[in-house]
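Letters A, B, C and D mark the chains in the order given here, with residues in each chain numbered from 1 onward.
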Amino acid sequence: MHDHPRSVPTPASDRDAWRARLSGVRAESVRLASTLSAEDQCVQSMPDASPVKWHLAHTTWFFETVLLPRANLPYEPFDARFAYLFNSYYEALGPRHPRPQRGLLTRPGLAEVMAYRAHVDAALDLAICHCDDASWQAIRPVLLLGLHHEQQHQELIVTDVLHLLSCNPLLPAWLSPPPSALKLASGADTAWIDMPGGIVEIGRDLPDEWSAEDDFAFDNETPRHQALLRPYAIADRLVSCGDYLRFIEDGGYRNASLWLSDGWSAVKAGGWQHPAYWVAPDDPRLAFGTGHAAGDWQVFGLHGLQPLDPRAAVAQLSFYEASAYAEWAGARLPTEHEWEAAFGASGLSGMTGEVWQWTRSSYDPYPGFRPLPGVAAEYNGKFMVGQLVLRGSSVATPADHGRPTYRNFFPPAARWQFSGLRLAKDA
Amino acid sequence: MHDHPRSVPTPASDRDAWRARLSGVRAESVRLASTLSAEDQCVQSMPDASPVKWHLAHTTWFFETVLLPRANLPYEPFDARFAYLFNSYYEALGPRHPRPQRGLLTRPGLAEVMAYRAHVDAALDLAICHCDDASWQAIRPVLLLGLHHEQQHQELIVTDVLHLLSCNPLLPAWLSPPPSALKLASGADTAWIDMPGGIVEIGRDLPDEWSAEDDFAFDNETPRHQALLRPYAIADRLVSCGDYLRFIEDGGYRNASLWLSDGWSAVKAGGWQHPAYWVAPDDPRLAFGTGHAAGDWQVFGLHGLQPLDPRAAVAQLSFYEASAYAEWAGARLPTEHEWEAAFGASGLSGMTGEVWQWTRSSYDPYPGFRPLPGVAAEYNGKFMVGQLVLRGSSVATPADHGRPTYRNFFPPAARWQFSGLRLAKDA
Amino acid sequence: MHDHPRSVPTPASDRDAWRARLSGVRAESVRLASTLSAEDQCVQSMPDASPVKWHLAHTTWFFETVLLPRANLPYEPFDARFAYLFNSYYEALGPRHPRPQRGLLTRPGLAEVMAYRAHVDAALDLAICHCDDASWQAIRPVLLLGLHHEQQHQELIVTDVLHLLSCNPLLPAWLSPPPSALKLASGADTAWIDMPGGIVEIGRDLPDEWSAEDDFAFDNETPRHQALLRPYAIADRLVSCGDYLRFIEDGGYRNASLWLSDGWSAVKAGGWQHPAYWVAPDDPRLAFGTGHAAGDWQVFGLHGLQPLDPRAAVAQLSFYEASAYAEWAGARLPTEHEWEAAFGASGLSGMTGEVWQWTRSSYDPYPGFRPLPGVAAEYNGKFMVGQLVLRGSSVATPADHGRPTYRNFFPPAARWQFSGLRLAKDA
Amino acid sequence: MHDHPRSVPTPASDRDAWRARLSGVRAESVRLASTLSAEDQCVQSMPDASPVKWHLAHTTWFFETVLLPRANLPYEPFDARFAYLFNSYYEALGPRHPRPQRGLLTRPGLAEVMAYRAHVDAALDLAICHCDDASWQAIRPVLLLGLHHEQQHQELIVTDVLHLLSCNPLLPAWLSPPPSALKLASGADTAWIDMPGGIVEIGRDLPDEWSAEDDFAFDNETPRHQALLRPYAIADRLVSCGDYLRFIEDGGYRNASLWLSDGWSAVKAGGWQHPAYWVAPDDPRLAFGTGHAAGDWQVFGLHGLQPLDPRAAVAQLSFYEASAYAEWAGARLPTEHEWEAAFGASGLSGMTGEVWQWTRSSYDPYPGFRPLPGVAAEYNGKFMVGQLVLRGSSVATPADHGRPTYRNFFPPAARWQFSGLRLAKDA
């Protein structure tokens, strides 16, 4: 009797590779949180941000709710009520705790959430090892999605904690070592890289079946398609804090003609005078015994308050600020197509790993876009209005999480991400 | 023999043609307002809408402020304080009365605003007849812009009055004749017009110098450029009230999976259950002696409350509602490029003159876009974020005001325009 | 021969006296409005204020709804829908148009509201002349209440129009004659009138049956009762604009220690620096061609902008400002009992007819207070929380409307009434 | 040679008595918090409530800032920045962290705040033992005030924690033992205690110099004065949950005529249908595995969710609800004078130790009231507007903290205190 290839168990080595990848990503979330107190992990600093504890639980809930049922193995939920507490926005998965009230959940405590993670981790490991092959086929794309989902939340853990600490008048430092996170942008003049335009290939197609070797992509990057570009030029480096300081000193925040109408309203309503995490020389908090001399610009970041480094990439900019800066500089933001087409061009620095770069592209669906089936349909498509695309990745992005086709997106007023810009102009 | 073409006076007939066009457009604004009381023209129903009296004064202010100084003729302002009262959003032209407080201006009264119009009309006529040729060259593009600017406000007069009346629990009718304004969309099934895609020409270039025969365009329609489209199909007709009623009856307003995330939030926050101007069979206002039997759907429009006509184009839809409807119908909205490329295709009905059609395109700048110089720079470009493009024109649009390249735009939640939709789908 | 006193018709002269009084009060409302345009009468400047047209209709609705049914005579309502539009706050009389949207009612127009008044006036006249005696007994207290109700709204017409005009950057004058409305407070030093305290009689009892000669009182002034006062002193005159200017110049609006906690919050949140209708010497509106030299304080009032008169009573003060001023002056506000007990004391000026005087008494029920039966129960009692009592009357109060026991009341932040203060102190 | 009594050191026993009292009160705050996690102690559930950690630090700051400087002994502040973080509302003591953002202070952590308490406790102990006699005279009243201040915050710790837990959809129980905290009100019918009225003595005078034996009082209870009361009757017991349930079942929350106008607005705006901590039989949270059968009323309290006990005193009522209940019951709330005059009358139960009792008295100053001098001036007087007086004490009040003259006060909409009511009526 001959064998049935489909029933041959997946080689242990394949499943083991996935187990290792899963445990690596899961451990990284806990490592990130480990330098924070239970209090730090519980509080929500604004409706747009979430508590670290919530991130830790929500990513766990995602695996528990979306993956485990497909394993067809017995599973006892850790606490049935968590389905209500830790759903983020999946309408298809039932009602959920209101987002602005995530910080009120002092119970379950952090220790209980850690136990929840351990409980689900064990079940995931069991599922990967022991589910039958048909289930394994069903699980694999969800597992992959869950890993990338958790990596997205790792970045949010960083940015949300930083926002929380920025609200504390003591401006406490999260990390103790001296700052090196923000790599230095070149202090030299910007050079322009000429790009020819023409028909370019944009985006990605997804495989019918994911293998461990496949590069991941979200559905919003699909389908791969052609776009027609005019010739253009793109800056070889990011806009630096030194560049941006000149914009401020030239009255950038007082000159309405540089701003989009909504941006100018935000400037006036919020009293914006500089990036959100910059601390002006006359800021009263500098008198709080921070050890920083008044009289110089400081920037609040992962290592607390540090003197402004003119060569560092400017970050925590809103789209409005990025757009006004580009106008002031006599240039413009690249479209997301231009950014993607330029990726890999010779001479470009800082495309990834420093700051996400605002583009002049609204977050619209690609031609032929179809959301993923099932619950993953709510992952990206339903946010495609009112937001702008950012490209690249940041110091807060897990190392293997970025790619040239990645479409990050935020509302134009968001000021708590590692978001900066790179200039472009017409040829 | 040498001639000096530039010093030859413009033929009277040319200037006369402009005078006639100007007086025609100016008179139309007054005609629109003539069936409204001074009270109707004074009140502001929401911050997004403006009083009719304000529209009448603002369009006059635009000519007075932007055109008259270029005529190089003596001019005495009607009232110097009006520059503050009736500037809309031109930062370069000084401070201005806050938009949400336009309805508090009971003074100047309507009669005084009418006198202001007459004063400026006389000065404009004088300027066109008597300015020297160099001034005439300078004036002409501003005159053209002012005319189209006033036509835009004519449409807003219609939609803003309708919104005001819709806020009155008596639902008073503006116009007395029986309804015929909304042309009937075909009751037949939708037919799909196949479009080949490929490289298409989009937008317009502006002439260096406007002649009276030139077709007008705003700067946001420029430059004319190429775009690459995939093959697609577009519906031969608008979505009708009958179509939309089926969406409602199928639970469209209760099914989160059809909606964009922000749209679903709007549905819940606003208690949306149907288009803004539809009156449900059990609406308590139907008991107010309106003469309308309860038990049927009614639609509030220019002629007051009328029974829902299933063949009429659905209007006053937000983008969110248009998007959810398309999702429910198994189709999608066309992009603005697709809409423009299809214009003129055989078999298409209702492209203009009924309702503006929401597209699936955010209001982003065209490649190579440059705002007009001077004060007109604030006309379009600074609104290019957070809005969606609508194409076509509506029953409220002045007859000669639309064109295939016209880019109208509104925020996705706007529900007081004559805004509907036409479906599209991938080939 | 026995007589039946109850069936003897009321002497015509009595009913005629009431008819005359009614028509006089009704005419006064129209006279007040007569110098205002239809636009002025239609707009609502804030949720706390109402349009003049609404006041004119609401007072009419009150007679129509509360009085006419008791006449037992046939009556055809002018428009049944007005019961919804013009009810103010009487829950027992059905649902009503939301208060903040009163300004949206451009229909019915002013002319129609005038016709409504005429229609109800005729029916009232008929009712008074022709109803039977039993009905007349029932009508009389309602008629009296309606007259005083209309007089209250006459004062609100004045204060609400003034607020509307104060929101107009042109600061238009309502009345053209030169200012004489605000009588002059003595420029001399304040003298203190000593009052002995002890047991005093406070408030009023109502007659079982009103005769035309009875002094009117609202239920909140009842019952007449005794109160025990400590000896105190009360200022012989009102606080003047000159007095108040010294408070401002001494930093009164920057010194937290003078203010109640909620008052200080209001100062900071509202940016208060002076009374609401004062125009500071550097106010940008003074550059609007008002004909007023910058460099001096101006006060906006019934006759437009006028130079600050140091002898005039300060007005449009909130309770918070009155309380802070008293603290600064080393004195306090009188309680309402102290004010009433002092009424008529020798040497006191300005107790009535200039400005209402804030007291240090919350608007609580008197011991033994019982609301009137029926719909009038909602007239006063249900507002007895969160408000402060003012005593006296103002330039805007109809001449025969005030009395020593009158309890006016407003929330502590209200700044658009003719509200000032008189000082008191412990003996 | 004669002795100088003032220079004789205070007997150790007196200072020791104060030391013991201080350490007892300080320990009680820590004991209260000891069953809460660091997360529970850090989060702020609404602007009106404060985190426990903040209460612990603020009461410490009060001693550090107001008492220690008067000891004239060397003192090194624990952290100079805490003066900014933990000032509550004392304008005279400098700027402070905004109240609604107290929950953002994850740093300093709980451990650090405990160290702060220990640091200040040691300094206080030193001060009491070693300061000279003149300083001791100056310290004593401040010490007494600080102790009562800390006891007030102990009650707020209880009510604020309970509010936080009530916002958690899991409705976690704070204390594990079975409920006994809310003593039972008599199930019997209410009996009315007749009170004669007449002139009564109200309030307290403060001694020139406090001795350890003096009964404490706040300045708002001063001066002792006479008031004149009409004869009245007061209920012998508190309104119970069973009583209040009948009010609900009789449609109390749907009957506008029972409510003050602002109260009815609160009912509609907030969707009130029962007391804030009552859980209706159909509440979806009962499906969360709470172990409570749906179908019965539950009440959330210190021991979590418990079946409604009809004999327990109703609590967490707003003034609006208390007032509406009294109206429904054909009675009224007592004035604060009536409550105080009745204290000690034979037959009265539940005057203290169960729930604070709303009175029908606004929180106005007593005749002759003078705030304490110095920083204590801000303690009470500046809140005397817009609030209502409550009398008695509650299960959450420290045992030795209440007294018959105590004037507690809250805004009329407050629903998170142990606040109930007792009825009164006119004789």
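Convention: a residue touches a chain if its C-beta (ideal position, glycine included) is under 8 Å from a C-beta of that chain, and two chains touch if they have at least 3 such contacts.
Not measured: the values here are computed from a predicted model.
Between chain B and chain D, the least number of touch steps comes to 2. Counting only chains that touch, the fewest steps needed to get from chain A to chain C is 2. The greatest centre-to-centre distance from chain C, using averaged C-alpha positions, is reached by A. Mean C-alpha position of chain A lies 46 Å from that of chain D. Between chain C and chain D the centroid-to-centroid distance comes to 38 Å (mean Cα coordinates, whole Å).
Taking each chain's centre as the average of its CA atoms, chain A and chain B sit 38 Å apart.
Counting partners per residue, chain C has no residue that reaches two or more other chains. Chain B meets chain C in the complex at residues 37-43, 45, 53, 80-81, 84-85, 97, 101, 103-110, 164-165, 167-170, 172, 288-289. Chain B makes touch with chain A in their complex at residues 89, 91-92, 199, 225-230, 256-257, 259-264, 319-320, 323, 335, 360-365, 367-368, 377-378, 382-386, 388, 412, 426.
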